Amino acid sequence: MYTVSVRDHFMVAHSFRGEVFGPAQRLHGATFVVDLEFRRSELDADGIVVDIGRATEVLHATLAQLNFRNLDEVEEFQGRNTTTEFLARLIFDRVAAAIARGELGDSARGVRSLRVTLHESHVARASYAAAL
Amino acid sequence: MYTVSVRDHFMVAHSFRGEVFGPAQRLHGATFVVDLEFRRSELDADGIVVDIGRATEVLHATLAQLNFRNLDEVEEFQGRNTTTEFLARLIFDRVAAAIARGELGDSARGVRSLRVTLHESHVARASYAAAL
Amino acid sequence: MYTVSVRDHFMVAHSFRGEVFGPAQRLHGATFVVDLEFRRSELDADGIVVDIGRATEVLHATLAQLNFRNLDEVEEFQGRNTTTEFLARLIFDRVAAAIARGELGDSARGVRSLRVTLHESHVARASYAAAL
Amino acid sequence: MYTVSVRDHFMVAHSFRGEVFGPAQRLHGATFVVDLEFRRSELDADGIVVDIGRATEVLHATLAQLNFRNLDEVEEFQGRNTTTEFLARLIFDRVAAAIARGELGDSARGVRSLRVTLHESHVARASYAAAL
Amino acid sequence: MYTVSVRDHFMVAHSFRGEVFGPAQRLHGATFVVDLEFRRSELDADGIVVDIGRATEVLHATLAQLNFRNLDEVEEFQGRNTTTEFLARLIFDRVAAAIARGELGDSARGVRSLRVTLHESHVARASYAAAL
Amino acid sequence: MYTVSVRDHFMVAHSFRGEVFGPAQRLHGATFVVDLEFRRSELDADGIVVDIGRATEVLHATLAQLNFRNLDEVEEFQGRNTTTEFLARLIFDRVAAAIARGELGDSARGVRSLRVTLHESHVARASYAAAL
């Protein structure tokens, strides 16, 4: 299996509900450094998994929807904890939809699975990976 | 699949037996920076894989058993080479037991597999991963 | 000159005032990974710059005052932009005060200067350094 | 599953053919930092996946064939785009052949799969992984 | 002293003249990950060293002049070895000129010195630093 | 000022004397990842600070004297705590002597100062820097 991975980041405020979160129940924030990995079994005719330039643009556009936001005020997330795991899945779904819409080019439809990893500090990260 | 990973480190002395180890047959030492990754297919009711706070505590407690030790003098390891691979498996087993004892909370029993990675320098690392 | 540096992190929400900040005028957040560097010209009688254990505790305690907070609501910061540079200076001042109070031990009074570096992402950081 | 991974790098010039590559169609270059990961289900009699010393030598020798070259002038690569993905596969094939020739020792024939990851910058990487 | 640093990268081909360079006398290439550090003694009225957004843009524009090029064919560099050190100085000079032209804003004229660091691999880097 | 820095590592056992060291008074060990930085005000005739190849060899040879050793048994270190700071200074002195003996070439005698940084984990490091 071949993979290509690109990196970008976004910065948000949020708070969590549930005793398990301790002081993270207060409004706080995070920088999330995101690795978006594309996987496929064979390279396309150009010898690539995806166009790294386009992959970088799609990741940047996806993160721009979240960047510099207070996630507690985003209607779509009401009643949900916007944990690192949740955000990894959210970004997965949005990139998968972008691929389906052809935003990474026709060849990128050969991508078989994605893995989205969010680094929330130098000592903690979360990811979501699944087939497309 | 969702994952959460936390990082800590420990510092030990040890030596190896076997010609393959060359100068590492002498008593020397290492800093091991450890990534402990928890994996499960669905998030729990709080929207997490495991409580990162508790995961960090369990990793720290597990490494504290080894930290600042000469592994050559630990009875349990007599006759074994405490290689990076061996230590990755040892930490896996101890964290798996901690989960089974409920030390990461009831919800953490939904964790399906673990991956333990030990970085022994900027150019070498080893890991052990398995289902629980 | 000798230095010792320890690392920890904190996670906050905040917003900035001023057109120069663009979308960062909205409430957002950041993880700050902090390197605290102690500098002195000669080692103490134990052969160290500072006790790394105590240095780690003082850094952790200093960051705990900020961690999981919305800095916009901290009275002390009213009317100020809590930029990365500002926070580097704030942490410098608080660690300097801790040294003066003897919290790093008597020997640490031999520390001549500090440098505090805050990494706000994989591509941006800020620091403040000065003599004590 | 156990893994061991070693790191080295090489520096090459090359150019790509195909509109998708944009400015990378011009002759340019890259540093590739390479992680070579060996995987097996059980450790050998010495308690290791492979001898890290020998693994490091085989990786270094493999990269030396490419290092400080203009890949556009290598006969074997004529008509191919030497993308990061392509190079990951090339290095995989060469290391697999070295294992088959016994260059990592008899025990290394127990290695079940390899993963080769090439970091081309702080924000992009590619890999190839397969069973042996 | 306060600093702010931003990171970007560029990818070039080049060769060196001089026996000291050994195999690097052949046409090869490199990825240079660049840290551009701005230094000043006091923050401006907004509480910053420079606008990070503008700093990122100026760094990107400066590196775009070099990116995806064969430096051996750049007229300006004829008869010079485009070593990592040389390129660090070149980028320093170009950013210094951009500041002088006001491209980082009026406030950035308070910047007292710059440090440009080029990472050419995970094990080697070079820098140039000077007052403005 | 120009700098060039190269990286390597070594792995040792040791113990410390003094209550300040707590559990590190026991025999334990460390991996030290070492950055050796050379500084000079002008480049030499080849456009470099030092020959990176030779610098890498001198660093490797210097660390080989320590690598895979129990520092408690090295006669030269009797009665001293081989702290990270102490080792940074030791490596500084040995590299300075190598430069003086001409092992980095005649041109390297233009090097004005060195900085040696030892990373003992992902969260702690020490350094020694001085003029030659």
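In order of appearance the chains are A, B, C, D, E and F, and numbering begins at 1 in each one.
The definition used in the following text is that a contact is a pair of C-beta atoms (placed from the backbone, for glycine too) under 8 Å apart; a residue touches a chain by one contact, two chains touch by 3 or more.
Bear in mind the structure is a predicted one, so any value in this text is a computation, not a measurement.
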Just to be sure I understand: going only through chains that touch, what's the smallest number of steps from chain B to chain C? 2
If more than half of the interface residue numbers appear on both sides, call it same; otherwise different. Which is it for chain B and chain D? different
Chain whose mean Cα position lies farthest from chain F: A
C-E, B-D or B-F - pair sharing over half of the A-C contact pairs: B-F
Taking each chain's centre as the mean of its CA atoms, how far is chain D from chain E in angstrom? 30
Express in whole angstrom the distance between the two chain centres, defined as the mean CA positions of chain A and chain F. 41
Please list all residues of chain C that touch 2 or more other chains. 7, 122-123
Of chain B, residues touching chain D in the complex: 16, 18, 20-22, 80-81, 83-86, 88-89, 122-130
Within their complex, chain B touches chain A through residues 1-8, 43, 46-49, 51-53, 56, 105
In the complex of these two chains, what residues of chain A are touching chain C? 7, 9, 11-14, 23-24, 26-33, 67-70, 119-123
